[in-house]
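One chain, subunit A, appears in both complexes that follow, with subunit B as partner in the first and subunit C in the second.
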Partner chain A sequence: MATLELMSISKSFGSAKVLHDISLAIRDKEFVVFVGPSGCGKSTLLRIIAGLEEATSGQIMIGGEDVSTAHPVDRGISMVFQSYALYPHLSVYENIAFPLRVQKMEKAELDTRVQQAASILQLTDKLQLKPGQLSGGQRQRVAIGRSIVRNPKVFLFDEPLSNLDAALRGDMRVELSQLHRSLDATMVYVTHDQVEAMTMADRIVVLNGGHVEQFGTPMELYHHPRTKFVASFIGQPNMNLIPATVSAADATGVKVTLTGGHEMVLPVEGGRVAKGDKVEVGIRPEHVQIGDGGFPISVNVLERLGGVSITYGTLGDGVRFCASLPGDAAVEEGQPLALTVSPEDCHVFDASGDVLRRMSAPAIAANG
Partner chain B sequence: MTEISQALPSGSAMPRTKTLSEAVFAWLLIGPAMLFIAVIVAWPLAETIRLSFMDAGLGGEEYVGLANYQELVESRKFHQTIIRTFYWMFLSVALKLVLGLIGATLLNAAVPGRGLFRVLVMPPWIIPMAIGMFGWLWLYNGYFGILSGTLMTLGITDGPFEFLAYKQSAFYSAVVADVWVGTPMVTLFFLAAMQGVSRDLYEAAWVDGAGRWYRFRRITIPQIMPVIVSMSLLSAIFTFNSFEIIWILTEGGPRGATTTLIVDTYKTAISNFKFGEGSARAVIIVILLGIFALLYLNVLKFVNRKYGTK
Partner chain C sequence: MMDKYTKLQMTGIYAAVTVFLIFILLPFFEMFMASLRPLEHLFRSPYQFWSDDFSFQAYRDMWDTVPLLGRYIINSVFIASAVTGLTMIFVVPAAYAYARLNFPFKNGSLAIFLGVNMFTGAVLLIPLYRVLRSMGLLNTYWAMIVPGVAFLIPQGIWLLRSYLEKIPRELEEAAFVDGASRLYTLRRVVLPLATPGLIVVGTAVFIGAYAQQFLFAITFNQQRELQPLPAGLFEFIGYQDVTWNQMMAAALTGILPVMVIFLFLQKYLVAGLTAGAVKE
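Let's look at the complex of A and B:
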């Protein structure tokens, strides 16, 4: 097992630059998730690590060794593809054994390794079947089995769960997390699903437009998003962003007027902004409560999920606002509603989308 | 269902009418095709079988029972024709498959201008067969042909060599021309099959360290195996029945060296007006190809089991 370092990786396809100077240091045995919207370059970055694409510039180190120009098999990586990439004409056994057959491994050892992988992945009674006879989840496990048998230094996963239905995805998330613990391996996982990122990752890399927006633990990203993009990407439902104007600011706080006229004093490092600046106040739907003295919204749509009531409304002059309220909250569609939020829970983003750091946040954010 | 039939005791007439009209409609749809098949397949086939029991010529017909078949069974020349036909078929099909596989692999490779190469494969297939064969007649010509000329220039032969004038060279020259005509179709089918193989499979194998040849052997070939098998059956039938190529190049000569069953049948029935004997040959061709196709279908079943997804 090994560390994985990316140093100033850039990638262009013709004149289109898809990755801009990306540097990351992934620790030994760490589970790192690359997350971002479609086209952010996350899969390209993974393929560069795998050796399926060549970086235009930059260096890749695995276990302290420069593998930038090495053949994939010499990098000590193995990869699980989104489509599983199972050989349809081969049995499960032969699929798992494929990398070992390529290496011309001795028969007895090959069999031991395949059986071992099969028992870890509960595929022992499926070894003689062909991939076409398996369910989606089982196919995914075969693909993982094929990557396990080689004992790679780094496992790479390219959106491995995106072809599965929601329930199975949940199960497989748990299985993958357990697998990570039992293999004690360095894993890099690509997804566009922030729930997968939050639930499985030791640390998350949020990518946007070929840039790293932020690299940190899930709770760090949740409580201290460095940019507006990260703030709105992490968390479900998405963070509300309300336009506001600064009416006073100093190093310990900012006084803002939200669109619609409600005033708040927020404990963030306000040195960078001045009176009259336009900012956006970020409020997570789960941080608001019903209560007097807050800001009013008019409720448009109400989704009662049982445990929570997701309430969609508008604030002031038409800014959309979402609140995650208790399941039995006294809310009705078409009615006005007064909401309050603790100033400590608010985020403030300047005009360029960068955050003004919050003075206080839950301790969990600091140590992940 | 019970509830409905109880609720609608008098409604049974409706579905009945509907079924009848559906049947009529179905017959209307398949009728023209049935008529077509009856006129151009079934009737000629029946007529051929009937004629095969006749001594039929321009003068008239006389029933001779199995005499035509008996004559063929006892004829050494006919045995040789059967052997020659199968040799012709296996050799030509094998060459087409090998060349098609090589061609498709090259055309599938990521080389610049491969679109142009793909188009350049087509002419032998597109050019009318007769025109193509006249081209080959010129190539094989001893006095004006480029092949003979090249052999002389290189000093391999010391005089003009007429490719189609000698038994051995005529047979293999005809095979070459047949391969030239038949390879493009095989190539394009193989290419289409290869393009259907998921790129991920190759990438996965590449990451696992599989080299080019290993990937070809363990991914490409098994993945396109069903196409290889069905294509070889099609190609075998085409080649078995290949007539124009041989007829234009050699008319089955010299001294019968390129006479395959189909050429023999034509010569007997059409050139010599022996309709009865010709028909007996045609019936034997149908039987041989039938047996061959049955064997092949079993091979296909086996291949699908071995290389299929289930």
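Let's look at the complex of A and C:
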């Protein structure tokens, strides 16, 4: 019912250009997450969709209608703010009812709607309290309640979980995913936390410096990052990037020499590089195993988390390398460690940071 | 906590506070003492701090000496209230605009307001007199209200603007996204949250209006029935003598209603002046 289309949105503040020609098509009932480092323009983009900022150029279509200059209410959006933006002098009931009061909705209908929202969010027994008397998670739910009473077509969330502590954030992630399923609405969610993006999103937009780096499903971004930026942003711990030199390349693979001298043949589309080119090989920490015949690292710091052991070390010539090994791995700080990785799991980025697409990847990474 | 003072320091602090309070309150105290003495004992030499002929006679007599005294007190409160009300009507939207909107010459006009504040009314009495005369406002309540409002608006805008700026912008954005107009947001969100600030500004304006009405009353108004208390007190100065004790009694009586109100508003005043100073 409510698709959201951005057509070449650009935004400048004075001479500073913060968004460059952004085009996205978000499907009906999709949960899309904008993720990126601070200052990448993700919040500005959300505010433009909300109608709080005006785009310098470009068009916004919601449900097929051009709403580029429409008032937020006429766009059919509602927004949950980072600070919740609850009215401290009004009760929870009046906070949730606020958008309906603005519409001068008739009392009985208003009450039904507020009660309905409250019961979805388990706030029924909190309705008479003031926001100051609620916990962080409850305030968050009131803010969501205020956004759902109006039955908007598109929900916008601006880093709604960043003020919560880690445990609560995990719970709210699950609640938000359930809410998305029960409301069946289009949602756009801004965060700088890639875990929130990976766990909740149907599709993720990775923004960097006002550009869309990649738009795809979480697994697509994980297995087929289009750029070095996406590769290192998605995944925890971050992907290792090891400088390498191409010693041979054709359409079916690239032979590289890693810094330190280890040679590998990687099954990626090698058409764009030639012998002697400098590239970077990306290896995810979780794809590394202990074993001979690979490259040795010296272990500096070992973090045993129980299920996994995160190992931070350096390659022969000082390049940092992180490996995520089994919880009981026989590793010791200060000791050398031999690691291997299967060539299919490696990513290769050319000098400009663009990926040479991998030939093989799990089926789950297929375009969503 | 912060109270890590030695005994000596505490003594010093209390001594300083005592000196300060005596300095501030002694005139009031002397007013009160004077109002209790019979007139003929006021100038007794040597000065007697305590005497057994204290009485509240002056508080009874003053109503006969100046028959319009009650009227003057009411006028005073009325003029100050009217000035405060009118000033707030202008100050609230103006301060909100200065706090939130962008318009050309915003900082320049704020600076001008501050500049206007630096003039006392006295400098502008003659031009004001001409303005009021040509508008036909001399010898009416308006003659005392209009200049009062004009001189207090800048101060009010400066005070309230800084208070409104502390209200999180996101609250207004949330209201905007939910379809509320600027005025609706102002009425339902901003002003309720700014209540302590409004009380502070209202009080400051009221005090200002109370203090400045004397000047405007004696210059722009000849009508006895319209005079406020400070001007009315002149009537205790007779051809033969000045009934100082009754004048002091009248002055204290006139201040009383205002003082009572401030006692009740005190907690808002303190809360309002420091609100937002510390991150909560």
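Assume the second predicted complex is superposed on the first by the 365 of 368 C-alpha atoms of A that agree within 3 Å, B and C clash if a C-alpha of one lies under 4 Å from a C-alpha of the other, contacts with A are read in each partner's own complex, and residues count from 1 in each chain.
Heads up, the rule we're going with is that contacts are C-beta pairs under 8 Å (C-beta built on N, C-alpha and C of every residue); 3 or more make two chains touch, one makes a residue touch a chain.
As the structure is a prediction and not an experimental result, all values here were calculated from the model.
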Exercise for the section: Determine, for the superposed arrangement built on subunit A, whether subunit B and subunit C clash or fit. Expected result: clash
Practice task
Give one of first, second, both or neither to describe whether A:102 is in contact with subunit B, with subunit C, with both, or with none.
Solution key: both
Problem - subunit B versus subunit C as contact partner of A:87, first or second or both or neither - result: both
Practice task
Classify the contacts of A:133 with the two partner chains as first (subunit B alone), second (subunit C alone), both, or neither.
Solution key: first
Problem - Touching partner for A:351 - first (subunit B), second (subunit C), both, neither - result: neither
Handout entry: Residues of subunit A that lie at the interface with subunit B and also at the interface with subunit C
Key = 50-52, 71-73, 77-79, 81-83, 85, 87-89, 98-99, 102-103, 146, 150
Exercise for the section: Would you pull the subunit A residues touching subunit C in the complex into a rising list? Expected result: 50-52, 71-73, 77-79, 81-83, 85, 87-89, 98-99, 101-103, 146, 150
Problem - Touching residues on subunit A, where the partner in the complex is subunit B - result: 50-52, 71-73, 77-79, 81-83, 85, 87-90, 98-99, 102-103, 130-133, 146, 150
Exercise for the section: Enumerate the contact residues on subunit C facing subunit A in the complex. Expected result: 168, 170-171, 173-180, 184, 188-189, 192-193
Practice task
Can you check the complex and tell me which residues of subunit B touch subunit A?
Solution key: 198, 200-201, 203-210, 214, 218-219, 222-223, 225, 306-310
